[in-house]
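What follows is a single structure, and I will ask about it in a moment.
The letters A, B, C and D name the chains in turn, as written, and every chain counts its residues from 1.
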Amino acid sequence: MKNQFLFIRKANYYETDQMGIIHHSNYIRWFEEARVDFLDQIGFSYKKATEHGIDFAVLSVECQYKSMVKYGDTVAIETKIAEVSKTRIKLEYIIRDHMTQELRAIGSSSHCWYDNAKQKPVSLEKAIPELYHLFLSHHNE
Amino acid sequence: MKNQFLFIRKANYYETDQMGIIHHSNYIRWFEEARVDFLDQIGFSYKKATEHGIDFAVLSVECQYKSMVKYGDTVAIETKIAEVSKTRIKLEYIIRDHMTQELRAIGSSSHCWYDNAKQKPVSLEKAIPELYHLFLSHHNE
Amino acid sequence: MKNQFLFIRKANYYETDQMGIIHHSNYIRWFEEARVDFLDQIGFSYKKATEHGIDFAVLSVECQYKSMVKYGDTVAIETKIAEVSKTRIKLEYIIRDHMTQELRAIGSSSHCWYDNAKQKPVSLEKAIPELYHLFLSHHNE
Amino acid sequence: MKNQFLFIRKANYYETDQMGIIHHSNYIRWFEEARVDFLDQIGFSYKKATEHGIDFAVLSVECQYKSMVKYGDTVAIETKIAEVSKTRIKLEYIIRDHMTQELRAIGSSSHCWYDNAKQKPVSLEKAIPELYHLFLSHHNE
């Protein structure tokens, strides 16, 4: 199965800061966009997961900034599953300039599956088995 | 009754853009902060309203930018009720530099009361009479 | 000449608020995205303007919210020039759901041309005549 | 010397997401607010550093989310210097609920000193010796 997915997006003007670069906090939002797009690509949208009452609660995020993204640049964000279990998933992201392929940032996010009605973490295998098996099949061996 | 209320806040670095000024979209968020603080000041918090199941749905916003706010500046936002009825409220905001009193922006927002359970606009007089009468008493004649 | 331009974009999860809808402040950012895309479409990118030392200083914005945008929705933003002169431009935006064409919001933004080096407004006809004439030719009679 | 600093702030409505909690990306912005406030508290504002032509380029950030912050909550962010050298600084942040002291998040950010004119990293000891020695004196042994 395919285990790398690309999400392409332009850096917005309102995402710049007075250093003339994209403010670092926005990368965390871009990871979310890439994550959502990744779910679309594997065929089970995040929206569909939320309609099952399941959110991907964020346990942690981290990002290492390698070079600056400027307004008008287009970035390509590569997402892959680093770890997956019944209760957790860790995704890794690599941001590159879409034109030059220069490395911009590397990051990751860890999540548990959270049942909104019960207000507690749940086993994805029980909550949405279809999605759990999709993750397993796309996990990078 | 008092009909003008001040909310003081610093401009954040992450709110700047590459022109070296606060990005204009943030003023709309500052209006919300001032609105929430205004409700705290008149004694009926927005959180309390939401606990009654009532949100202030935003019907419109507008802002006229008069001079630039820079990172590190502190602004004072004056909020007052321009119009209030059973079904709507219009608030006006004046943003000034807190040190120099120089005018930065003028804006307004219009709202209806929205019942989250019923998913429709409601009369505030019926939904939260206490808040409706607070608004009336603080309305600037 | 063509006088209406469409910009398509998805509503992001991080743009939602606890009412379960896209927070109203984001529409002001979407207008900027649509504006930047409009400039790309007419053939003179905003980035190119800034490289001439010219920014589009925002004089005012306004938005009327007609119906709610939810996470996962795709919106189509139509941009057109409402007014243009040597010193100012007013753009109008109509946001519709891209699937249903339901009206979501109507708004506008007014701008002057700002010379970053001189730190003052300038005539676009003098600063970037090519762009000024592009605007004239795309102005909706 | 004092080596822990508190920054208090309320969670804003516009920072919530449709899960009904503060969106995780905002914590990265709050770290910046706490960092700026920390610099104010030790007596050398970030603004003053930027006036020396020095920015704190962000090398990395990370955040572990321990429990949810909701709209209306007030958080207390404790900042301390984890590591400091002539070329780098690492700050650690602990976010707690200001009322209950319940742990909300733990994070950190790493920075180098960046000369905006030269467009390259510099030694803080050479660029702003006063600030470098302030950091040393507040470093938690």
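One rule holds for everything that comes next: contacts are C-beta pairs under 8 Å (C-beta built on N, C-alpha and C of every residue); 3 or more make two chains touch, one makes a residue touch a chain.
Source: prediction; values computed, not measured.
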item	value
Third chains touching both chain B and chain A	C, D
Selected interface, B-C versus C-D, where C-beta contact pairs are more numerous	B-C
Copy pair chain A, chain D: interface residue numbering same or different (half cut)	same
Chain pair among B-D, A-C or C-D whose interface repeats that of A-B, sharing over half of the contact pairs by residue number	C-D
Chain centre separation (chain A, chain C; CA means) in Å	28
Between chain B and chain C, centroid-to-centroid distance (C-alpha), Å	24
Mean-CA-position distance for chain D and chain C (Å)	34
Shared-contact residues (touching 2 or more other chains) in chain A	13-14, 18-19, 25, 29, 32, 50, 71
Chain contact graph, described as a line, ring, star, complete graph or other shape	complete
Touching residues on chain B, where the partner in the complex is chain A	13-14, 16-21, 23, 25, 71
Contact set on chain B toward chain C in their complex	18-19, 24-26, 28-29, 32, 50, 55, 57-65, 116
Partner chain B, residues of chain D touching it in the complex	12-14, 29, 32-33, 36, 45-47, 50, 71-72
